[in-house]
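In the two complexes that follow, chain A is the common piece, with chain B as its partner first and chain C second.
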Partner chain A sequence: MLLSSIDHELRCRMLNSNLINKKKMNISKDKIQIVLLFLPGLLFFALFTLYPIYKLFIMSFFEYQIGSKGNALFVGFENYISVFTDGVSQYAITNTFIYGLITVPSQIILGLLVAVLINSMSKGQVGFRIVYYLPVITSWVIVSVLFKYIFQNEGYLNYVIVNIWEITDLPVKWLETRISSLLVLSIIGTWKGIGWSMTVFIAALTSVPKELYDSAKVDGCNALNRFFYITLPSIKNTILFSMVMLTIGAFNTFTPVKLITNGKPLHQTEFILTWMYKNAFEFRNMGYSAALSFLVAILVSAITITQFKLLGKK
Partner chain B sequence: MKKHANGILAIIMCMLLVTVMVGCGNEKASDDTESVSNGNGENVELDTKAEETDTKAEEADTKAEEPEEVKLVFWHHYNEQSNENKVLMDVLIPEFEKENPSVKVEAVSHDWADLHNKALVAATANNLPDVIRVDSAWIPEFVDAGMLQSIDQEYTDFNEVKDGILEGPMDTAKVAGHYYGLGLNTNTKIMFYNTKLLKDSGVDLPKTLDEFFMAATELSSNDNGQQIWGYGEPALSGWNVLPLIWSNGGEILNSDNTMASGYLDSEQNIELLKQLVTLKEENAMTGFNSGDIPMTDGFAQGRYAMIIDGPWKYAELKGGHAEFTDYAATTMPAGKGGSIQVLGGEDISISINANSDYAWKFVKFMTSEFAQVEMGKVGQIPVSKKALENPEITAIEDFTVFLEAIKTSRARPAIADWSEVDQQINDAFTAALLGVKSPADALTEAAKMIDDILDKK
Partner chain C sequence: MSRRINSYIVTLILSVGAITMMTPMLYLISYSLRSNGAIYQFPPTLFPKLSEITFENYEYVLSDNLGLFTYFKNSIVVGVITMILIALMASALAYVLSRFDFMGKNILFSLIIATMVIPGLGLIVPQYQIAVKLNLVNTLMGLIPVYTAWMLPFSTFMMKGFVDNLPKELDEAAHIDGASTLHVYFKIILPLMKPAVAAVSIFNFLASWEEYGWAQTVISSEHLRTIPIYIAGFFGRNNFTQFGYIFAISFLSLIPIIIVFISFQKYFITGLTAGGIKG
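Then we have the complex of A and B:
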């Protein structure tokens, strides 16, 4: 009896361990396949995104002059100190920040408004969507040159204000002060981006289940309340997505600033990218630009994380 | 079977990726066989530029492997739609290829600022084109970056070639006693003035700097809100203000180009800047603000009475404002220092990555009488002495005043950090003209900043 029960016990244990081993083998086989599938993308990301960031970080501690035979001088934190003390970086970061603060909410609100309106149309949706999307695909260069012409001292807008509507005698110098230039750039940025957020929101709106609206109507909910209590919460993730993308886009603004004001007057309308570009390619101070871009990367990450925390999944 | 399919797919994707990497890597690695004596090891991985340097490396590769057909890569900034580019592509290159049957010239047109940046990036990748048309202002910077061949040391017939070219333009390619290019074309600035406005206001054509400032004030007017400025200047960089400074007898740096204090902020320069501030306050001068009317439009519409610009102005006026003909040009008004304009122009240089023999042949060809006259006919002022005596060139009316002005023009300081120094000068003049700082403060502070910039070297 004892021997057969021990034997039985042993057989069970062997069977169990066999099963366990088979399970382990299955798991590691799966893991290997997962890793292999991810590997190409990871390698690509590592080589073309992580590696340049790492090199940039190293570069920011050197006085690296592009093309200077690789003889870079180690200067420690000097570049970072320059960024904080030279006065222009503050303008650049503040201007970009203000630009983002104006254009991101504007594009979201106006884009959402247009999306809701278009969504509620029974006919002609496609036509309107094309018209609103056209600015998005128009070249930034053409848009910048055009708007510069409109906002010049003797440009089209001043012509209308002074000669047609006769609001004031003297033309408004839109592009010659920091505040008005920022306003003009924000207007351009918003106008150009509405189509993009509209497209994103139309997609989101069509995915809201109709039953929610129907039951709300039955309960006596009016259109405005339906919007605030059903639509908005349902597309919360899309709003977050738009906010993050638009913020990153705002911090990447370069072309309109370069072509319309180029930082004038006296660097007061510099944006992060234009100042970085000037230092990297005109003054050849790659180390300074690297430090600036690294600080901005940290700033943008912080902003993005905050946005996620505030609007993320609950 | 499903499990295996995933694994196979993963392995295939890995192999594809590795193949792509190796392919790209090979093109870059082949550079080592091409580069000539440059110890630069840094390979900066810049995404947007990687593709272009890859294709250039491919071309460099073909050169080494097929000696029968040699490819010569030439980077320039003749606008793609311009007449100069047409002459280059349809007349000059075919002629050169006829004379040198085993060479194929690949000319690539870039935007001016783009060319500067792309050349610097190509340098870090050891991937420069054979020949580059270099703005004379970039030479010190490119030499400092070790990008250009010192041709007086490389080629035995250099002196003979040099003697055939005007001295001023050749000097723009000279750094620390060595020549890093040949002068290719030159330009300077002259004063364009509205003949009708001058006649109507009874102002004589200014010959001296003092007369110029007085004329600017007298030519300005404001009828019913329509402002006319006597003097329009599109920017306040060295290219714009150095002629005024030099003609007034002032300097910006010492003779070694190592210090600005005592020079940029000299009494003369402060006085000059004060005069400009007065002009601005009297609405006699503008043009450098973001919202100002562009020079050509403003000049053609009679809003700027006098502007100072280069030979391209003729083409711009004829092209965009053909109906406006009430203008003429003369040399820069002379001050205490004379009538000194700023010498611009382009040089043609050979990079350190070049296939030497044909590059030098091409460079000599582009500065030969034939090429210089052909380019001269489309507005590029020649530097070849023979070309300047050629009847086809002497017949060009638009060149007359420029050729006169070039005799007394001066090149900008040949320093590697010129862009940064230039920005300081620009900021100083802007600050004073916008009333943010007094002329004395603006110039003194800028001089100190420039001292720091020059000290870094």
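Then we have the complex of A and C:
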């Protein structure tokens, strides 16, 4: 009896230690496997994202001579100073800001409006969703060419406002002044982006509990009140998310500006990225371009953090 | 009764909006079906007369010597490889970041989020230098790493949000049964991640399909062009833009995208909710 109990205990111990050994082996084997899973992505991220950021930072303190490789001249903060004092980069930064200030709210408001309306329909949702989403999946190059054509002096829009609606006698020169060009670019940006924010908002709206609306209805809240007191607070995080993403998107604007105005007239419609690009690849002003890029990265991070701080509070 | 009126009003507002959204697209299709000269006719019309309709733009752009098929092929190759690379790397990163603790994990995740904020083209100067060093300039393979780098942080972020929402018990149970990490990842996590991977992949494919700035910088040989550089190249050539051709190519390049969108429609929404941005 005693013997058998000791035997049993021994067996249990052995089994236990076996298990522990096996587990230890598993953990070291697992560690290798974790590293295997992790390494490709990490190396890629380090080589093609982190290293370029570091490189960008270093470059922003040097001046590169045309045609010479490696003969960089350390210039301290000179590139940053010229970014701040140069007229065109100020145009580029303000233009990008104006574009963001117009397109971000208008995409959110219109996208939310469309989402709420579509969400309230009992049938036919899919058709509308596809139509509003089409501009999102149309490439920027196509959109730019198309709108450049529509907004030409002798384009379709001028024909409508001059000959059909007779609002003005002369065609509007949309793409020849700074402000009207920015307006055109903002209209295009909004047109292309409504479908994206609509989709995000539809996803958010479907997760708002129906009971909230039902009990509000019982309490006699009208549709407008229900929207402001139930819908908006429930989708606050989604609004924040889309605001952040759209702001990043606004600072990312390159193709439409490059193809529609290309900075004309006199670099007045330059955006941050187009100006950075021109400096890097046309004027070979690498240091300046790097300083501009780096400043933008800091600027966008600051804006994003502020947005989180302002709206993220519960 | 009032419900009915409401729904009519809703449909009416949405239809007006939809027509506004679609007019530019109708314009594109309509002028792709008319001769190049028709675009300069006055007054312009939204719909072509039946007698005006011609397929000459399509015949021209589809003729062999223009190489449209080569450009399509280039765009598809780049898009598909980019999409697969990101799906593999981002899902693995997301799984490890979500399920394991190790030194520097929080720093790494913060770095991934921080780099989401940097405009893609903002890094092209140093990325171009890397491409030069690795002999990737003027090759299709030169596009893929940079596109992957641009979209990897956001894809990882979205997928991590998705993995975070998967019940931990599933993989814990498998671990107790003695399954290895790789086994858990490939046999349990990855199959469950399918909707998130699909959604993110569609976005990545679209982004690569339409990218213009980097492609235009790196690619100089004609036969290596992707669709966006090809279309942009038509623009303002010889100070005269042949809009009819551009519109025809544009419409052709839209067809595959529309098909992808309509067939994977449901993933667009799961994808957006995947990152834990519900509500």
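Rule of thumb we're sticking to: the second predicted complex is superposed on the first by the 263 of 314 C-alpha atoms of A that agree within 3 Å, B and C clash if a C-alpha of one lies under 4 Å from a C-alpha of the other, contacts with A are read in each partner's own complex, and residues count from 1 in each chain.
By definition in this document, contacts are C-beta pairs under 8 Å (C-beta built on N, C-alpha and C of every residue); 3 or more make two chains touch, one makes a residue touch a chain.
Quick caveat, the model's predicted, so the values are computed rather than measured.
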{"item": "First (chain B), second (chain C), both or neither touched by A:198", "value": "neither"}
{"item": "Which superposed partner A:260 touches (first chain B, second chain C, both, neither)", "value": "first"}
{"item": "First (chain B), second (chain C), both or neither touched by A:55", "value": "both"}
{"item": "Touching partner for A:29 - first (chain B), second (chain C), both, neither", "value": "both"}
{"item": "Chain C versus chain B, contacts on chain A by residue", "value": "C"}
{"item": "First (chain B), second (chain C), both or neither touched by A:108", "value": "neither"}
{"item": "Which of chain B and chain C A:251 touches, first, second, both or neither", "value": "second"}
{"item": "Partner chain(s) touched by A:235 [first = chain B, second = chain C, both, neither]", "value": "second"}
{"item": "Touched partner set for A:282, first chain B, second chain C, both or neither", "value": "first"}
{"item": "Touched partner set for A:37, first chain B, second chain C, both or neither", "value": "both"}
{"item": "Chain C-contacting residues of chain A that also contact chain B", "value": "29-30, 33, 36-37, 40, 44, 47-48, 51-52, 55, 148, 154-155, 281"}
{"item": "Sites on chain C touched by chain A in the complex", "value": "6-7, 10-11, 13-14, 17-18, 21-22, 24-25, 27-28, 39-40, 42-44, 46, 88-90, 92-93, 95-96, 100, 102, 108, 111-112, 114-130, 145-146, 148-149, 152-153, 156, 178, 180-182, 185, 206, 209-210, 212-213, 217, 227-228, 231-232, 235, 241, 243, 246-247, 250, 253-254, 257-258, 261-262, 265, 268-269, 272-273, 277-279"}
{"item": "For the chain A and chain C complex, residues of the former touching the latter", "value": "22, 26, 29-30, 33-34, 36-38, 40-42, 44-45, 47-53, 55-56, 59, 114, 117-118, 120-122, 124, 126, 128-135, 137-143, 145-150, 154-156, 159, 163, 191, 194-195, 199-200, 202-204, 207-208, 234-235, 237-238, 241, 248, 251-252, 254-255, 258-259, 272-273, 276-277, 280-281, 286, 289-290, 293, 296-297, 300-301, 304"}
{"item": "Contact set on chain A toward chain B in their complex", "value": "29-30, 32-33, 36-37, 39-40, 43-44, 47-48, 51-52, 55, 63, 65-70, 148, 151-155, 162, 169-170, 173-176, 181, 260-262, 264-267, 269, 278, 281-285"}
{"item": "Parts of chain B lying in touch with chain A, wherever the complex brings them together", "value": "3, 6-7, 9-11, 13-14, 16-17, 21, 38-42, 44-47, 116-117, 120-121, 123-124, 141-142, 144-147, 225, 289-293, 417, 419-420, 423, 427, 430-431, 434, 436, 456"}
